[in-house]
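Chain lettering (A, B, C, D, E and F) follows the sequence in which the chains are written, and residue indices restart at 1 in each chain.
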């Protein structure tokens, strides 16, 4: 994988600036970049949304197909999250099967949705043991400028809220599609908040340059009632217990802020 | 999930299912410079097709053994997003995508002064976000704009468009249902200033006479698209100029 | 992929000679090399044929198996074309999964057969939606001396015409093989004609040396009634409109010539 | 083949299905120096988990282009034997195994003086032979012992342990059924001497208060495990010393 | 693959010593290293065993799953043998899909079990044509010090003898697991004996250093009644007819010796 | 599609289903020099087996890191065409094909003076076009002829043939149905001039006495085949000589 080289001087500036409590682009330590959201832009998908987080841009498309349930959960639909770091989004992305970076991204987003029980999967069973609906969430990164996790989680949630589910009936053991649509049943709104530690300071929403100088990062996914439903430490540094607890508080606040952008009313 | 339709594709007045005349292109929107990280990029909407193209290069060749001593290596990758079609496409490149990557590379190659950049490579990534027939042509059209946006010297822009035969009529710029239900589909790419056809494929059944007419129809489509490509680049140029002057 | 290096002097000679209207091996610009055809040589295949086009040699074997239909065409058999550029045929061929060259070859041959509706696939349905016959056309290149497409298309057609289909009956939802054979139902005879452009001249049936100096190539597949059913431009050069139209006329003539070799009477 | 159970996980006296108290670790056995060919190795049993770790390195990097100029490359591979779980696992690495390999590498990295061995690599192979919940943590615990056994200089041993919430109770060191049926699982890795948390993941649902308590519970688990790690290394040291003196 | 380099001097010593009728570790030419056997050590497996052959260590785990039979043997269970040379066992093993070395190992062990009909596969059919039991034998090499074939074959046999099969009943075309276990039906005890040829001498149970200097090797798998059920020559040297016949005699003797360790009484 | 047969394999007069005696080879036809592009090649028909072998080399090793400093690298690939068997074989190499490639390489290696060509490689591609039992042996037989045709210096030709036990009889050169229904199959490769057995495998069940007899039967088969190999090379030599004299 090619590395984007951030000049050494810029790296120093990033760290120095954060030590002084501000960031090179003028943000405060716990400020997100501007979030832009556009839902329903892909007509061939059952649901879709594009999120821009500063210059980071992620498109999520949702497809619903008929398939078999897992044998140990025969009465529930299936959730599948997949991420592609397509090479047009960054000189560091390569063609080929998903690498560990894409797999981690998909799995962190997956856990947030799964653990918060955001999708009412039990309503997606057509014929128990035989036929259920599979919800494919495909994350497509279109421009990488840092913090892919939060942007992807936001786009996935927005796409789910935008997803239309076709009507159907079961006849002779076969699913027949009927005219019209309903909403995909969504009952929770998990928000991922990623914090980076740079020179012992915590910041939120690291951009690409900050990711390259950060010691480590922590993502917390927060449910609409404030419960933490998923967490992921990434990167090779460490946190102290105190930093973890501080991060929790920041994540709680930020999740409320971000959720307001996603879910109106 | 796909749903079935059984509508007639062309009515008695020669009007197509989406309201177009037989020799009419779908509405086309081209925008250059849409991906921040790429050296050049373009976005095209042609009817319900939505395609994004990013260009990286000229840059070092990786893996090295592919290096060409006398010119740049051009690699085009045509890839469909899983959600771009009715039935979800698996992420791994299909045989169709691999073939199209190859013919698109061939269609673009003659337009670039590759000999100016020996021992480098130019990567063109075409991502189909929403597909509705004619994506390889729209992909070529956008790729050529993205290459120009990257500042890569070119002999001419490559404009691409299909023509074909549907319910007995010769038609321009087939959409998906026309391609699938129709009698023939002929995608073609052209450098108009050089009268150079750089892509030509065909599926279906055409007599020699029909073939000649369909080729000519596709050529008129390419020329119209060529104009739109130039406009997109002009708009991009003006936008950049303004941005620079602002600073 | 190793390149076969044709000496620079030979390359010049090929081009010079063609500019003068003849070819190094004495052929005229629109002459095919000698075609040799041998059908039915592989007893383990349901059909087979070997075609020699000069020194190019292609073996096609056809297998018929029972399988599931495509869900959108539940009443038809399935056609699958596969090409292997096995490494004994050329120092430029490598082991491993099919590369783009093999995929293009298979897909061009596939389109000629599919678009001309050469096989009556609707007669290959045993139990609608459940069980149909799959026709596997496997192209095996045994010696590569140029123009693999035409040689493969000829061998595929000859093999199809040679294919025996076992008799069967359907009993309790199962296919039972019965003694005896019928012919595989073939109703069209698509012929692929490949032209190369060298120094603005069109030639047919390029041999390996000619392929290496050609600007570009065009394959037209012609049905028995003269309709063009498939076309493929290959290689990185271009054609003018006039050249395309000229190519069409040549391809029409050549297809009649070649078809006579395939289909007697 | 899996069989189903529907037993209650925690009884009214706060005793868990395997007889443990809420804040009690499973029985743990750690042994260092168990693989002859490896530069360092360790075996851990934690309840019904059985995990073997082998360390190779510092050694030449292969493939070469991964070489780091200023430090050693650390690669940890977490892999499950096909027979380690109820339903046979296919041998190819799953997405889960790939993610765990990554987070385990991150958990181990801060403990090693990688900068002492530029242009080399250290491979850590974690093989789960029998799995019953908490294998990533037990794998990290054993990997750290194996690295010490290989004589690789470290800032501290990394000890790992999960805590979580099961049937309303906060519990330490979840076994498989508690992880699957419970409300939350939080694996954590710690370098106790540095108060440095190097792995932290969580699945489930916890309030901020519960989260804080669960983290603290996991930290106490890690500290107990840290003691066992040191004992294992001491036992290894004594055994080697005896063996050397014998000669 | 990295080579373990055995110093040239040691190589010479190995050869010299064997020419003199003894081996560097003191063994006679037809002595096995110490065999240590531990069965039933993996609780998550239906059967398991670990064998130590000197410093070579192999773990075999057995899983039994429900699956479909082969269409040409619809009334029998399925046997699948797989070997993984996991990289912790040797600096010469690599991650990635099984290489030819692992495939050969698995196939040689497979043939011994299959050809001796050690498992009564006909008793592992639950619903003919539909559902049978699949016996997965997974060989896991934990330390490689030579003669993986014999160690793996011993561990596989010991694991099979240790395998418990759940009780079940068939109800409405579905398999229902019932409480309790029976023994997997084992009716033969194939023992693999590997001989190496070094400087025209035959030795048994080559350790790693000996494998690196050997000309070639021969594995014979012997059934409990003395029949030879499988054989595999490996390595790029050759045997004379006389050597083959001599090897047969040694293998017969050794198989009796080893079988006693496996099957008590 | 396979059909089933239930014919008896050997009649009371000791005559086999295809009319052969117990110790009789199938009709064998060997031809050298059949692939134009290859450095050496051979075609063999042995009963219903049809196998083509091409040899390329000695040539540069690719990838380079496989280069051997003291001798040539020999690589044999055994591969079956999808249509070579009753039930279509998938094109990707199966585990069986990979194992056979390995044992065939071992069977051929001792026959070549590899030490004459350090730092090069010799590739032997064996393509089974039609298979009816005994293809690994026929492949070795043809490969050895192809290597000689390529002018590669050899200690002896390697001839290969199976023997085995069918319906209680010891038989030579088993065809597919005898292999599948019979009691034992023992493929063997021999350099007759050196009494060197370079391939030996066995499946089935044989007493030590039977084994000795079967080995001897296979050896007689190999010797007969050795004669046919030499004839094929002689015929090739004469054909080349004539062709050269013509010029």
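Definition applied: a residue touches a chain if its C-beta (ideal position, glycine included) is under 8 Å from a C-beta of that chain, and two chains touch if they have at least 3 such contacts.
A quick note: this is a predicted structure, and the numbers were derived from the prediction, not measured.
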Fewest touching-chain hops separating subunit B from subunit F: 2
Farthest-lying chain, centroid of Cα atoms versus that of subunit A: F
From subunit D, the most remote chain by mean C-alpha position: C
Chain centre separation (subunit D, subunit F; CA means) in Å: 52
Euclidean distance of C-alpha centroids - subunit A vs subunit C, Å: 48
Separation of mean Cα positions, subunit F and subunit E [Å, integer]: 27
Touch-based graph of the chains, sorted into line, ring, star, complete or other: ring
Complete ring sequence of chains beginning with subunit A, oriented so that subunit B follows: A, B, C, F, E, D
Touch list for subunit D against partner subunit E, complex: 1, 3, 35-38, 41, 48, 50, 52-54, 56, 59, 62, 77, 79, 81-88, 91-92, 123, 125, 127, 129-132
Interface residues, subunit D side, partner subunit A - complex: 2, 95-96, 98-99, 101-103, 105-106, 109-110, 186, 191, 194-208, 211-212, 215-216, 219
Complex interface listing, subunit E residues touching subunit F: 72, 100, 103-104, 106-107, 111, 115-116, 216, 218, 223, 226-241, 244-245, 248-249, 252
Complex contact set, residues of subunit C against subunit F: 2, 41-46, 48, 55, 57, 59, 61-66, 82, 84, 86-91, 95, 97-98, 136, 138, 140, 142-145, 166, 177
